[in-house]
Structure formats: C-alpha cells, structure tokens
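Several structures are given next for inspection.
Here come two complexes built around chain A, the first alongside chain B, the second alongside chain C.
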Partner chain A sequence: MVRLKDRYLLVNIVYTDLPPGQKGPVPDLLLYNQPTIGELKPQTILRGIRSQVNALFGDCGSGPVERSLQVKYLSTATSTFILRISRAHYRLVWAALTFMDRLPVKDGRPCIFRVVRVSGTIRKVEEEAIRRAKLLVLAAKDEMAGKAPSDALNTLFRGGKDAARNLVLVNDDHEDAEMDEGEVSDG
Partner chain B sequence: MDLDPPTTSTQPSKSSKSQVLTQTTIRSPPFSYAHLSLSSPSSSHTPHLDALTTRSYLSAALRQFLGDTGASMAIDILLVNATNGECWVRVPREDLGAFAAAVTAYPGHLVQGEEVLMRVVGCGDWLGALVGKEGEGEVWG
Partner chain C sequence: MDSNQKQAASGKPPAANSKKRKEAPSAATGNNKNQNQNQQQGKDSRPPSSRPQKRVKFQDARNIRSQPSDAALDSDGKLDLQKFLNAREFEIKALETSMRKCKAANATRVFQQVPREMRRRTASHNAKRVPKRLRDRAKREMLEDNTPTVESRKRKPRTTRARIRAENAKRLERLAAKKRKRALEKDKAGEGETKDAPGKTTIRTRAPRPKIRRDTLNEPPKIKSKFKKRQINKTWLPTHLWHAKRATMTEPTKPLWRFAIPMTPTQKCYRPTHRASGQKGTMFWDTSYMSTARVYGTAGGIEQVLKALGLAQESLWGNRGRKWRAGTRTWSGMVSRQQGSSRRDVGPATILWNPTPTDKTSAPESSTAEPKKIQRQVLIRTHPACFLELFEELVRLAKLQTPQIHVEDLRFEIGSIELTGPGSTETLLAVLQPYHTDERHGQVFSSLVGVTNPASLPKDAVLGFSVKDPRLSYPPKRVDTASKVSDLALLETLTQWPVEEQVKPYALFDRDVRFKASNLPPQKSINRRKGANIPGREIQVTAADPPIPVIVFASRPATGGQAQGTWTLLAPWKCILPIWYSIVHYPLSTGGNPRLGGLNEQRQIAFEQGTAWFPGDFLGTNAGVVWEMEQRAQRKAAWDRRPKGKRIEWASLDLGAGRKGEIGDGLACDFEHLFGLSKDPSSSSPSSSDSAGDESMTLNDDPNAMDVDQSREEATAASTKSGKDKDTLPSLATVQQMKKTEFNALISSKDSDSSRPPPRSIIPVNITFVTRGVANACARIYRLPSRPPSPSATTVPPSSTEAEVPATDPVAAGKVGSLPADLRDQWLQKLPSSNSSSKASKVSHAAPHIPPNVDLSTRKQLMAKSLLSGNPLPYPKPSSVGINGGDHPLCPGEEDLIGFVTAGAYSLSEGKGTAVGAISAEKALDTLKEFGAKEGRLCVVRNAGESVGWLGRWEVI
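And now, the complex of A and B:
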C-alpha cells in the first residue's frame, strides 16, 4: 500500500526590530516572541511562502510546493504556525522560510521565521508546540524574577545540544490518520 | 632408432606480458559538457550568437526554471560558433540534469520579432565523446 508521506513544520515568528538594551516591564524573551498584530491569515502566509519558493527555485521548485503546501494551524497570539508539505519537498519550504525577512503583508514588520520542529505526524508537532509554550512561560518568569541571565537572545536560541535536539527529524509514525484535511484553527 | 632428441622438460620461455604501471578509474569527473544550438523555427537563417548573448539566454532559461539557484549555477562558455549558432558549455557534473531540463523547458523569447530557441544537441560527462558525436547526424542521414 503506497502511503502519501508528509512532513509537518512547526514555525515560530520571532520579531527582531527591537532596539537593544531596552529595559521595560516586559522581559526581552516575551518581546522577541510577541503576538502578531495585524492581518496575518493562512492565505497570506501561503502566498508569501509560494512567492519566495518561486523566487528561489523557479518553476521546477514551486510546482510540487504549490500542490501540497497547507497551513494546518495558525495562532497569532503565540506567533506560531504549523505547515504541512509533502515529504520529498519540505526542504524547499524550509529554505524559503529562511529567506523571508518580513511578514508577507503590506508593510510587514521585519521578523524571522524559525522552524523549530519537523515531524511526520501532526500529533508530535502539537505536543512540541505545547512543550515549547510551557518552557517559554517558565523562562519569561525566570527572567522577570531576575534569576536567568539577562541575554534573552541566547536563551531563545540556546545554542548547543539543546537546539540540535529540537531540530531532529522524527521517524515516520504509522499513525497519521487523525490529520484533518484543510483544517486551520486560530488561537 | 629415435630421430628426435628427447624433449627437455622446461618449456620455451614466453615473452613476458606487458606490465601495468598504474591504473586509475575516474568515477566522477568534476564537470559535464553540453553542446547547444540556437535555432529560430520561424525563419531559416540562424540568429546572431556571441558569448554575451549565450550567457544572457542561458541565465534567462535557468532563472525561469530554477529561480535564484539556477541563476547562480556556474556555467563556463567554452566555444561559441557564430556561423552556425552553436555553443559548447561546461557545468558542474551534479548540475547537468537541471541545466539540460532548464534549456529544454525554456519557451524561447522574441529577438527582433522572431522566436529564438536553444536546443540541446548533446550533453555528457566526457567532452571527447561529445565532440566525436558531432557528425552522427550526417552518417545516419
């Protein structure tokens, strides 16, 4: 039996246009991961990624990506979204996300699209999103209490084995039956 | 009476076989070569061709098919034959498939009102074999 295999990418939007050394009531970690204000809809994300894939990879690259790219989940409050793409072409989408430097809306803010998890099933990606949200809340609380090192960017991108572990590709689980076609939830 | 002298047990020595001094197998040559031909299907005469127009046609074809990664492909133009509109180019070996597909897929563009197309006459890893194949069309009619 031939299964159509996909990859699910969990992507964070990290905002970079903050003046350095700003000391305010909000910890830096939350400023980098702030909610997305404005008109960010699944269709705008799809349009932005498709145009970037077309610019980077031309007709040959944008063919398979256009057919199989979907936004499965978008949350503007946590600036996170989950993409579904066919297994053979997920690296085209990942490369296009790396080259996008602002939100794909008119006068979009400069930002980074950071792929934090790639998985063969959506369940693992959802679990990872919940786990990262918990860690973010704990780290922000630590920073507000003054316990953590004040370099929020270092904490966010936490180099070394921790970051490498987060980007490990998970082997295909044989249970992607619960994915719902075309479902996009918000918030 | 035995006329033949008894044969000796040693055989007459054969000439020694040629010795192999060194042997090497080239599995992956660094470059691949392509022989392209510019043609204009509407009119009979071949359009003007030089190194710069070759470069511009190839980069237009690659940019449409492969985007920025195609435009960054390292192409060396080896020879441009302006009389019959043919050119020889060299690309890295791993890019040959994409390059040939891009040149073949290019729909052509208009130059001074007539449609101009690039056609792949031959491509391969070994330039000698490609040059040797040049007269093949005339042999087989």
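And now, the complex of A and C:
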C-alpha cells in the first residue's frame, strides 16, 4: 500500500513595526509577536503562497503546490499557522514564504513568515508550537514581573535554546553539509 | 535558487494571481470553514448513516480551535501584555486538546488492538475472533464500516469436492437421525427386558500394550482413523494439531525424515528468537522426532558395542567415566562406524546408562569379572536423519556379542521436548511436579529454583524421576522465586550434585511404566474433577492418575562460555501433549510465555552460538550429504524459477584479473570440485551401475529408506547390502569429517611427513568476519595467497600510500590474466590493526577540525587555511567496493580455495557477520604450518555469484 507522504510546516508571522494607532514604547516581546488582523483567512494565506510560488517557480511549481497545500490551523491572535504540503514540494512553499514580505491582504503590513518547524506528523508540529508558546508565556511573565528585560529576539529565533550549544551545532553542520531531507528544525 | 527562477519572480508580481478570484466572504474566525462543513454534512445526511457520521467525528477531532485576533488586544485595539499572555495560554490549551482528541478518535479497528500474535485475518470479518471484552465494539465497528460478513453455515459450497462433501454430510445426518429414531423405539419396546436382567456385568478389558520387537524397527503409533489418510507417508508429532495452526510445517508430500516437522512459526520471529534464547524468556521445541533406541544385555557386551561406535576414549571407561556408567551423566558426541580401513561419522548421539539399584553398584565396580556379567541397559538418542544407519550398525554389532545383546527401537515410545533460554528451568519446574516426594532426583530437581542457565548445572547432568499429570495443576502457576532456599544452598546443590546416593533405575526404561503412564485419564474426567473441586485449589492425585516417568538432562553448547544451555525432557510419547500444553501457557517471571520454535530456529540458535547444526553443517556424514543434495535441488529449483534476466549467470561472473565464471557449481557447497571428485555417482562405479542407480535414488529421498512399513526381509536385505552402500552414495559421501582433537594433534605434531590428514577430509569451522561482510550458504572460503618466490614482492614493505592505489590496473590485469604479486599484503592491510596508518593518511586530507570556543578571527584564519591548503576531497567519494578501479583487493585464485560456507548470516549475538562452514583439513594444515597460528587462520570469504571477498578468521569447532 502506498501512503501519501506529507510535511507539516509551523509558521510564525513576525512583525517589526508598531501597529497603526499604537503609541509609546512597547516591549520587544510584544512588538515581534503581534496578533494579525482578522482579515487574514486560510484562503488568503493560500492565495498569497500560491501566487508567490507561481511567481518564483512558474506553472511547474504552482501545479503540485496548488493541489496539496492546505492550512491545518490558523490562529490570528498568536500569528501562528500550520500548513500541510506533500513531501516532495515543501521546499517550494518554504521558499515562497521566505520571499513574502507583507501580509497577503489589501494594504498588508510588512512582516516576515518564519518556518520554525518542518515535520512529517502534525503531532510534532503541535508539540513544537506548544513548546514555543510556553517559552513566550515565561518570557511574558518575566516581563510583567519587571525583571531584567528578557532577550526577546533569542526567545524568538533560537526557540530558547542555549546559545553556546547552537555554536557547537553550527560547527557540526559544517562537517556534514548535506542536510537531511527529513525533519528540519531551525535552531 | 536559480537565477532563472529569480527572474521569473521579478517578472510576475505576486499580486497578479490574487485577482483571479474574488475573496471569500470573511467570517470572524479562522476555523469557520470547518465548522460550516460540519453543519452542512449534518444537514445532508438526514438518515444518519454511519460513514458521514464517522467523518464528522474525525473532522471534529482534528479541528484545532483558535481565537480571533481581538483576543490578543485590549479594548482599544492596543497591544497588551496580559492579553498576549492569555492568547498564548489559550493556544497551548487548544493544541493540547486537539492532540488528545485526535488520539482518542484514532482510526484503528478493534481487532488491531489485540496483541499481534492473536490478530488473525478472520478477526476483521468475525467479531467472535476478538477477545470477549472487545466483542461488542467489534460488532459495532463492523456495522459502521459495513463489513461484509459470511456465515460459514450458509455459505454455498463452491468446488466440486466441497459440494460432494456437503451432500455427504447431509446424507449422513439423515442416516444418523434414522438410527437415533430406531434406537429410541427399541428402547421403548425393550424397557421391560432390561429390568429382567439386573445382574448383567460388563467386562472391562485393558487397552492393548503396543508391541516392541527386538532388533527390528518399531511401528508408528496407531493412528485415529480420522487422521489416517494424512499420515500415509509420515508420522505426526504428538503435538501436530497444535503446531499445524501456529507454524509452517513441512510440505504434506515432502516430509522430513518421515515426520511432519514444524519448520518455523507463522509469526515473524528472527529477533525474538535471539532474545528468548539468550537474554529473556524461553524457546521450546517438540523434538519427539528425535529417535531413541534401547540396548540391553550384559555390561561387557554393551561396552564392546559402544566402543565399536567410537566411544573408545580412555576417559569414558576409566575412573573419570564412572558417573556416566552409573547413569547420572549423559555422554553426547559423534558416533562413528568402521568403513573399510577408516571410520566414518554417523551423527551426534546422546548415550545414557540406566543405573542399577544402589545396593548392587555400591560394592563392585572395582572387581573386574562380576560387573561384566550384570544386565545393563543403555538409551541411545539420536537424530532421525542418521537413525537408520545407526540402528542397523547397532543390530549388526549386537549380533556379534556373546551372549547376544539386543536392541529395541523406542522411536514412537519416547517423545521429547527441548527448552533453552534463561526461563527454561523455571518453566520446567512449574510444569514437572515430582510424584513421589521421597525420590532423590525429584528433590534435587525441585531445589533448582533460581537457576537461569541450564549450562550452570554440572556438565551433562541427568535427573530421572516421576511427575504428576501436569493437567492436574493446569494452568501452571508462576514459580515462587522469592521463597526459594538461599543462593548458598542452590550453589551447594550445583557443586555437590547429590544424585549418586539411593539411585534407582529410571522408570522411563521400563516398558510397563511407560504404558501405564500412557493411559492418562481423559480430559473430560479431569474437567469433571476440577468442577467438583473447590475453585482455586489443585486437584488431588488419586489412584487413577499414573505417575509419568521422565528423564531431564541439561546440555551445554559445544562452544562453552556464557551461552545458554539446553534442557531436554524425555517422556512417554503419549504424555508429551499434556506436558506441552502446560509449558505453552506458563507465565514466565520475566513476562510473556515461552516462545515456540521450529527447525529453522534451532539452526539459528546453533548458528548464533557458533556451533555446527546436524545435519546441515556435517557434510562428512551420510545424513549431511543427503541434506546437502536436497538443498542443492531446492536451490536449483528456485534458480530455475527466476526469469533469465534476474538470476545469476554463473558463467559470466567476473572475478577480476581475467578470471571468468564461478568456481564449481554456484548453487552447491561444491566439495566435489575442491577434491576433484566426479559428480555422477553411476560413472564412478560403472560395474554396478544398474543397482547403484536404484539405490542412489533411495538415498536421495532418505525418508523412503526409513520406511517402517517396509517388510523385515527388505530391511535385512538392506543391512546385508550395507557393504555396498559406499558405491550408491553420491561421490560427496567419500568426503570425511575430521575431529577437532585429531586436527589439533596434527597441528601440534612436529613431524610433517608422517602426520598428514587423510585425503578428502574436512573440518567444520566457524568464521568471523574481521571488518565487514556477510556470507550466505555456499560462499567460497579461500586462504590468503602465499607470496610468490620473487624477492621484489617480499622486500617491498607495505606502505600506507598503497591503500589509496587501485589494487590492480584493470586493463593490464585483463590482458595479463594474473593476480598481483602483493595480493597477500593487500589483504593483510585490511586487518584493522594495520588500518590505523591508512586512517591517519585519510585524516590529513580532511579539513582541520575547528576547535570550539575560538574567537571569530582565528576561526576565519583556520577556515582560510583549510581552503587554501590544497588537496580537496575527491568528489564523489570513490567507492571502496569495486572490483575494477576500487581499492579492494582481488579474490585469491582457485588454487587457494579451501572450503565452503554451509550457514552464514549477520549474527545478532556477535554484531557482525559470521558463518559456519567446512574447509579442507589438508590445506588448512598446510597454511597453518606455513604462516603460523595467527596469520594462517585468516581467510577470504566470497559469496557465490559475487566477485568481492571479505576477510575473515576461522576457528575449528
């Protein structure tokens, strides 16, 4: 029996500017992890990605992506969504997300789409989302308690992992340059 | 990314596509779509059929709830830390519930939940096949999924045969009804008569005791007429019906050694077998096919017979063999028979003396004349493949003795079960409960609680006692290891082994006791007693329950070391089944039940322990030759079945250096080729070609020779012809097997001329691969080629750079057609000890490792240095395996072929490839004498049909 093989992409939308109407200084944590406007629907995301894939890879790329791309979860309050795409083409989608620089709605705000986890099962993606949300909760609690300003960028990009360990990881990566095609996690 | 793609990206603005379709009407939340769908489906499926319902359920489970963006903002639409926190917490909760719901609503059916060994194909169609607690769910699921069900009663017969059967059944039913009716009428009519004769007594006759004739083969047990047709050319094991449902048996038309033997369980079990036999659990086999014979007569006569069978070692008949002769130890080893001027191995046998009562044995033994006259008995247990040969030899030898001693064939009288693994002792202890509490051997056996390896018992220890019917205490209870006597006591038992005092003759030797034990009360009466009993209490033994005589003995693997030993349980043939059922259901203390094994598992365990398995690995015996011939035929048939493009063309195999074609027959352990024998048996003996052809046929399917239906005249005729047997065997049968002790003696002897091994003699070896490689059966074993006498090759020391150079110039080699002169050195370089130098040379190529915790500038410098320093890594990496152009050494030439592998695989116990095979004793001896004990044992093993060989090391077993 042939099993359909998929990849699940956990994507964060990251903002760098203040929302219109907001005044005064905002903690970094809030700045980067802003909620997204409610106009962003699964369909609009799909449309945005498809058009981007079409622009980058032409019909050849947009064909397979169009067929299998699906939004499994979209939370505008936390600016997180999960995409499902067939295993053979997830790199096209990832590339398209990298090249998208604003929300695919009318007068969309500038933002970046960060793919934080690629996995073969939705379960692992969900676990990663939970882990990240927990980190953010801890950071926010620190912020509220008025402790030393937490390293918001580190929480965001490193996923809270130890910085020193990352250096070592980079060194290791240098040796086996070929990335595994299986699960990819940034870090 | 390509520049082309970039251009495409710039050429088409991303917004262009979004005009295609108008935006969908927006709703408040992101997951509205799914909810809408759910509602729609709910409306669509007005008569709620199960399928859409199920889909709704799954969609609901997979849906992850999410909040609108307002939830993360405060009332004026500003960013707020508290709201931010709440939004994240909501997300965590939503994802967790989703994961939980998804797991609960999984798509597995109930029959997939039961353990794997219980899962049957029918369970998906028949709810009654799943355990009771799951039956309701199974029924519901079948209804939901609209599973087609078939009631076997209402199924129409499809084939002609089935139709005839059904008609027949119907007719019989009618007949039975008529008969019942008539009986009823007769009863009514004759009621008065029965009252008239109250004193009518019934005479009970005892069941006939099976006959065992002296000096001839025994008849198989009387078969129920229901199963008679299926056992025309074979005999079923006592546990056949049990096995046939759980194991792959030998093919109905091709029985093995005239038995239907389980080959392997239907379940996949390669790795579980490894675990159960060595680390945790128990493996067990019904080895009732193993043949036993009893020899009885004067002690002196028996001694002469045994000596003639090759038990001539001084240690057996001197003081060291005293325990064996007293009957408290077994002897296991190869028995042989005289053939012309040399001896030929028959097969492995276990020999056990029946002890004489202590009051007699205590006094003599030292006095010479008296003990020779004592009537003694010996049990010889051997493999069915060599039984006929051994039995005929026994009968012949027995007739030579004065006063004559006699041989009894106990093949269908005594059955056996073998167990191995850490839990085997525990299992036996639970199942075998001594019948008499005062029996010494029974007491010793019961005190073995806590033994986890049968090999830890004294070597070849035997215990003979009587046990209760295991059905009385069925189901078997777990042995209480906590309440056992201290470890010290156990240790003392194991070292002292107090079995010699008050030793009694083993009851299993006694025909009457065996017969009495065979008449166990029926299961019905046991059930009735159990019903009358208080629940949970064991049934008491009554006079109706005969004691079952058993003999258990432990044996160690030939290699010794830490490997698990084996328990062998001998019991009357008819008592095997009740014992078997209890063993099957014993709950091991480490969890699970004992695991079933077949013939393949027996071979696997022998292979993992590095020992040879009879008959497959004993090419020097007639049984081994027959096995090999059968295997050849099977391999040939499998090869013939494959399409031409997908099978190995032996002639076009390229061995490098201009050598073409496989050496000998690729589908055989071709010792005929090695020793230069002719393959055709008839051509070797043209004078008796007519009869030889017939007899070689009977040998090729040996089961026929074992035919018990064959008349006595025929049997005697065969025995008289046994002198001619040598001619009838294929020429492979002239190959002899050498013993390890003899071979070691040859090695240690300095005089090279007088001590040559006999021509065409082989020794079994165990091969371990030094680096990598896995051998299959029929793989070729080469010794390392000797260096040619020219000085140039020997003076050049093997340098590390040579490892990088191709072993041969393919073009030149093809032209010249000769092996490179330094082939031996090339092979020796493959040894891991010399590998360190080649590894060092490889490291120099690699970029220098950048140590962690260095600052960025030094890191850059190091990187730049490594980039500029030249010799880049070759890309793609040159393959290490490649006969042409690779750096793997070529296979040695045909003159260095020394033997063949009979069994090989990746060994789970060693963690690398190992093999069992046989090599020519003469060539092995030469190599050992020339290159010493260490280098002489190196060999190259090449699979048949492959051109790459791997370095291995052989050890004699």
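What we mean here is this: the second predicted complex is superposed on the first by the 137 of 187 C-alpha atoms of A that agree within 3 Å, B and C clash if a C-alpha of one lies under 4 Å from a C-alpha of the other, contacts with A are read in each partner's own complex, and residues count from 1 in each chain.
Just so we're on the same page, a residue touches a chain if its C-beta (ideal position, glycine included) is under 8 Å from a C-beta of that chain, and two chains touch if they have at least 3 such contacts.
Every value quoted in this text rests on a predicted model; they were computed, and no experiment measured them.
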{"item": "Chain B versus chain C as contact partner of A:Thr16, first or second or both or neither", "value": "neither"}
{"item": "Which partner reaches more residues of chain A (counting touched residues only), chain B or chain C", "value": "C"}
{"item": "Which superposed partner A:Leu56 touches (first chain B, second chain C, both, neither)", "value": "both"}
{"item": "Which of chain B and chain C A:Thr78 touches, first, second, both or neither", "value": "second"}
{"item": "Interface residues of chain A shared between complexes with chain B and chain C", "value": "54-58"}
{"item": "For the chain C and chain A complex, residues of the former touching the latter", "value": "1, 5-6, 8-9, 11-18, 20-21, 23-24, 26-28, 30-31, 33, 62, 64, 66-73, 77-82, 84-85, 87-92, 94-96, 98-99, 102, 850, 852"}
{"item": "Partner chain C, residues of chain A touching it in the complex", "value": "19, 21-22, 26-27, 29-31, 33-44, 47-48, 50-52, 54-58, 72-78, 80, 82, 95, 99-100, 104, 123, 126-127, 129-130, 133-134, 136-137, 140-141, 143-144, 167-168, 171, 174"}
{"item": "Contact set on chain B toward chain A in their complex", "value": "62-70, 98, 101-102, 105"}
{"item": "Residue numbers on chain A that touch chain B, as the complex places them", "value": "53-62"}
